[in-house]
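What follows is a structure written as structure tokens; I'll ask about it next.
Chain nomenclature is as follows: A, B, C and D, assigned in order of appearance, with residue numbering initiated at 1 for each chain independently.
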Amino acid sequence: MDIDTLVRGLVNGSLYALVAVSFNILYRPTNVFNFAQGELVMLGAMVFASASTLMGLPWIGALAVALVAVGILGLIEERIAVAPVLAKSQHNTGWVITTLAVSLIISNLVGRVWGPDPIMVEPPPLLSTQTLDWTGIQINSYQIALIIVTFVMVLAIERVYRTRHGKAVLATAEDREAALLRGIDPAKLSRWSFFLGGAFAGLTGVLAAPILYASTALGPSLLLKGFAAAAVGSIGNNRGALIAGYLIGLTEAIGASVLSPGYQEAVIFVLVLTLLLLKPHGLFGRPFTRTV
Amino acid sequence: MPFSAAFDLRGDGSIDRRSLLRTAARLGAAAAGASLASPLFGGDARAAGEAVKIGWVRPTTGRLVTSFAPLYLGGGIAVDEINQAGGILGRPISKFEEDDEASPAKEPAIVRKLHEAEVNFAVGPTGSSQSLASLAATTRAKIIQSTYAAAAEAGDGKRYPYHYQLMYNTDQQGQVCANYMVKNLGIKKVGILQESTAFGEQATTSTKAALKALGIDPVSVQVYPITAPDLSAYVRNLQKEGAEGVIAWIANVPNAAMIFNTMKTLKWFPPVTGHSGLFLPALFELVPPDAIKNVFATYYRNFTWTDQQKPGERQVALAKKLLAIPEAKGYEVNVASSPYYDFVYLLKAAVEQAKSFEVDKVKQALDSTRNFPGLVGNLSFTPDNHCGIDIKDVVLASVASGQDPQAMGSFRERAPGQ
Amino acid sequence: MASTAPSPTRMRYLPVVAQLAFAAAALSVPFFLSGGSYLLYVATQLGVYVVAAIGLNLLAGYVGQVSLGHAAFLAIGAYATALLTVDHQWSFWAAAVVGIVLSAGLGVLMALPSFRLTTWYFAFITLAFALVFEKMIVEWRGLTKGFAGVIGVPPPQFFGFELGQKALYWLVAGTAIVCFLIVRNMVKSRFGRGFVAVRDTPAAALAAGASPQRLKMLGFIVAAAFAGIAGAFFAVQKTVVTPDDFTADFSIFFLLTVVLGGLGTLWGPVFGALVFFLIPELLHGLESWRMLVYGCILLVLMLFAPQGLVGALNAGVRRLTARPRGAPGAAAATSAAAPVAHPPIAGAALAVEGLKKRFGGVAALDDVAVRAGPGTCCAIVGPNGSGKTTLLNVVGGFYERDEGTVQIDGRETRGMSAQAVAGLGLGRTFQTPRLLNDLSIVDNVLLGAFTRERAWLPEIVLRLPRARREAAALRAEALGYLDFVGIADRAEDLASEVPHGQQRLVEIARALMGGARLLMLDEPAAGLSMVELDKLEQLISRIRDLGATVVIVEHHLDLVASIASHVIVLDRGRVLAAGAPSEVFADPAVQRAYMGERAVQGAPAS
Amino acid sequence: MADKLLSVETVDVGYGHVGVIENLSLAVPKGAVVALVGRNGAGKSTLLRAVSGLLTPSKGRIVFDGRDIGRAKPHAIVDAGLLHVAEGRRLFRSQTVDDNLELGAYGTSLSKADFAGRVERVHELFPILKEKRHDLAGALSGGQQQMLAIAQAMMRDPKLLMLDEPSLGLSPLLVDQVFAAILSLRGSGTTILLVEQLVERALEIADAAYVMQNGRVIANGPAAEIAKSEALKTAYMAV
């Protein structure tokens, strides 16, 4: 194993961590795990690619378009596929099917609109995907930026949960009924979180695009690895997700270099399954424990 | 047979609404266990007239539509030309379209539909895996067919007596690439990069054999799944294992783009040779020019130019026609080199020689074809050898030359020394 | 027995008639089609899907294990069959058996994570597995021939004759019918009740002595074996087996099929497969919109008819045929009937000493002792949060204790699982009744007999005489218990339709059905009307007088005083007082615990 | 009696098919402390849950401060000034004491100064909360948690405070503290509906009382009279 492998693991791990955090954002007030999250990430990349390459918007403008568009889509998903299910019962798991249905709808619609060919996306100005040979480590400025941005974004999201709104989300996650009795409206927080989580997924897509291309194939693989990171890092725990994202990214990279690259998924699967069997609530404990 | 046709197709390929309803009614009746279907509907399919039905197996849905569907344009042009000129033995050709979604899993069902519609000739499917899956069934059904399959085994007349391969196969491509790497460039450390498809499998096997004949073992063989979102690990492995030249069996642009971009990221530009799929101009949009300077792909001599030699008249005529078809845009190379144009004309010639549409008579005529002047080269068959291409007609051409005005979409500059 | 018939005979035979008619229709399809026709091909394929969907429905619908990786099971069956017949010239039958065994083996492996993971974690893991498996088929080229797949699978031979398309269809359709019957017979047996208990109320399963692990394992093995069978047929029907056939999408598709048809309904997978796989064949032109249309259908269905097509149909039929129901007074009427005789019960003594249990830093039980002998009733009272239910849970094996001994009939229960403790003759009811809402009252009672049934799975599946005799005898016994507790007239109603008070009685009948010799009742009187209270009091006295040991946690002190010979008062995990009810209730400390300091001074002496 | 702040009129409430409360009526006058007593399972908590909007009555009206809130959402009822401190000290245990107090004011448009004023007021009422302000709520003792739960409700300056079993699981000393707090709330004019199992204590501080049994009110009147009534004994300790 060499340093290149580590770099690759960190870069991909950053993406997995971001997807995991976007899962957590939605999960916290609703206890819903969005099976369409991968497609939201993919859509972020596609919208961004269209806005920047095809419509010629500047990087930051295209980013804004992508975030708002995917955020709104997340909100729509919440309205049509999640809220009605949860309205029947908080313990209804019908959302597994409805979010899966949304995932089918998005991926097929996107396939019709954009076609199957990937679109190449340029990194933002000042950054480049040209490899620097930096004391023997092959890394490029975009990769460095991505790793830094991941840390910044995770910390920023953690800051959001220090606001009164964010605390209310945590409160809802911990004890929904108690939150109701404090005048907190979980429906509003759920909408807010789906918008935020959608936008964050869109951002993840935008960040992933210069490395993985904007393509319809982006969804499923990021969905699973993002889930793996979220689950291993304990659902709802963003710092856990960050660490688990890197753990998975590195395991994947090392697995690819030691075995064949074709075994990447299998290696992660075995790792995640083993960890979950040992610790069903992830490495960083259950976020909220309550003895009833 | 009670149900002769699943659907009657109009000339424009759309489905006649009444026939759709009729089919729906039949299925409904069958599901309910009613027996009224066959006497009521049995007779009308034949009334479609004297047209010769040619099965047209191509994806109209699925992820490979954009790259596979245009390959049939040449065949379509041939059909139109023949129909305008009075058809085959006075009978017009009609295309019997079936969507295979470019999925091998769909082929057996499609062959059954063809068989049921009494279709004796078929164009497609495209793709080696799809073709081999289809051949397993068409051989039983005795359907004379030409697929877009580079697998060498598809040209085995003993195994697939009703299939005619009108394109260079993987053995020929492997030989051309290996010879170029070793003899022209003098490279001894050759790496192979292969997509995980039947085509990739076959091509790698052929390449290894060809290299072996030159006394060389590849330094590395990397096999990637075509759906992988990230191919950089495979390229890095090639570089790490010391490859100085890469024989790359990549049949789709996105994969190619990822690979060449990774090479650019790594600032590693070994000579690369591969399949004609690399010629697609879509690649130019995804990859900067300097990343593909050293990339060459197999092609037909007739469609290449050198300083001394320009493409022939018939080839130029087809190229011009293709430039006028919007769907062909960006796929001219693959359309031009697709076997379907030549196959339709070859079929016409064989039927006219046999003076019959009967499968076995047409087969006999095909098996005795010598030096049929196809666009891609002179085609010859024997009962055992159904690969019609002569290796002399196969050359390597520069990928970058696609941006040269001389290319006209369909042509490429022959690699030096070919 | 109840005076009204549980349901009209006509209704009972309707399903059988429907099943026969459907089977006849399915088997007659080839008479209307030619051997080589595309329609027959599609019909055969449909049969293959139905076989797999029936298995998945058993797993996802009845056992409640949502698997998004079902394609892997099919793939194993299909690849084993294809590779062994093509490369090794095995006969189809031998190859298919290998495929089924391998698939069932994978089922065993897949079952293991389901023991520890919650439903949707597990769903995700299975989805990941489907994706990995898809990749691995391609990756293990040496074995699977990579992307190109295995081509030219020969048709099955039967005594040297090659089976034609029609014969193959009959084989597949016949198998589908057999699979349907197997699942039908299974879900109507103790296994079906166990499955539903594992799915909806694991605590009830444990209390009935049913092991969730074993039941889950059984569900996985059956579902995987069915998928293996389907895979084997898939290979010969398609003649080509490629990785493309078994994508993760296909797995999701399968689950959608079952959900669409109606999870946990017998006909759900059949209708689901019909609709899912036949509609696109009919609407050929819509092919490219298919997934989109499915996505929309699924969304709409989940929101408006979460029980699927068959579920919606059933609900409609139920609404139409529902007979008018008497007011709650009807229950009171039955109580007037003469008590039903019942053979004596050999009670099991309970002896608890020095029991300690802490949650986090809080002592929930601190040095608690309880003694109760056969034919007596011991009551445990105390304010909310004093540890009463915790005590029951520790004795029942639901919680592990920190210290102390618990003996049932002299046997120490330390380290025993809940279902093992139940095996010693402990039956219990829960504070909120844990009934299986989707099953009838009599089925709920029958769940209690889970560990008593002797018939083996094959006997049940084949409906051999012993299994049928046993089922009939147990059913009669269950009806007897319902009669005993006084609600025989509701035997065929769904548990969810029965009022709260009667649900408690069902739980008692279930405990008795399980051969309970030590009965622990957790607040049986909560929420009962006065009339129901009287009935309950009589019932408990009778059970006690038959010889059973009764331990009751109760707030109705009048009820306690009239049936219990011994009372233990818990307060914040400690025994505050113990003794005869009259003494204990006169104890100032007890009154203080109940009504506060001042009450003690001015309180009447009970 | 003064104006009714809350009136529950012929209400039926249940879970699914199961009815718990039948045809129940009850009134809480402005500024009064009303005790609701009865045995476990009598339906007291269910009634409070219906009033605070967690359950929707299938029949009848619930009028608060002149508005029918029978079908209003819980947060709207809270916004109207009706706070329900649920049984079992339902706090946000993984957040600090201060955070819990802040959440008590969630959705209000208090200025920073007003917010600080409210915090100061509850700190005066429950000094321990100031001392432990940075501790996690889950780390507090039972009594402290109960105080925090009440304090959280006080952050909104409620018109009506419903307390469900505030003494549950507390030691006698802590019970005294909690009752002292309730008395001081009463002194400050907050209207209180109190569900309490320590009947005597509850009736002692209450102005009026209702006795519930099996989902019905079987007696009501001034607390002192109820304390002596037969109905109470039947309902509560009928031995």
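Just so we're on the same page, a contact is a pair of C-beta atoms (placed from the backbone, for glycine too) under 8 Å apart; a residue touches a chain by one contact, two chains touch by 3 or more.
In this text, all values refer to a predicted model and were calculated from it rather than measured experimentally.
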{"item": "Taking each chain's C-alpha mean as its centre, the one farthest from chain B", "value": "D"}
{"item": "Chain B and chain D: spacing of chain centres that average the CA atoms, whole Å", "value": "78"}
{"item": "Whole-Å gap between the CA centroids of chain A and chain B", "value": "40"}
{"item": "Gap in Å, rounded to a whole number, between the CA centres of chain C and chain A", "value": "36"}
{"item": "Residues within chain C bordering two or more other chains", "value": "135, 138-139, 288"}
{"item": "Sites on chain A at which at least two other chains make contact", "value": "221, 260, 262"}
{"item": "Junction residues of chain B, two or more chains touched", "value": "196, 223, 225"}
{"item": "Chains grouped in pairs wherever the two touch, ordered by label", "value": "A-B, A-C, A-D, B-C, C-D"}
{"item": "Residue numbers on chain B that touch chain C, as the complex places them", "value": "1-3, 6-7, 15, 20, 23-24, 26-27, 29-35, 37-38, 60-61, 99, 101, 103-105, 107-109, 112-113, 115-116, 128-129, 132-133, 136-137, 196-198, 200-201, 223, 225-226"}
{"item": "Sites on chain B touched by chain A in the complex", "value": "63-66, 196, 222-225, 227-230, 232-234, 236-237, 253-254, 257-258, 261, 264-267, 282, 285-287"}
{"item": "Residues of chain D defined as touching chain C within the complex", "value": "16-18, 20, 39-41, 165, 168-169, 171-172, 197-201, 204, 214, 233, 236-239"}
{"item": "In the complex, chain A residues that touch chain D", "value": "164, 167-168, 170-171, 174-175, 177-185, 287-288, 290"}
{"item": "Complex contacts: residues of chain C adjacent to chain B", "value": "25, 28-29, 31-34, 36-39, 41-43, 45, 135, 138-139, 141, 146-149, 151-152, 238-240, 242, 244-245, 278, 281-282, 284-285, 287-288"}
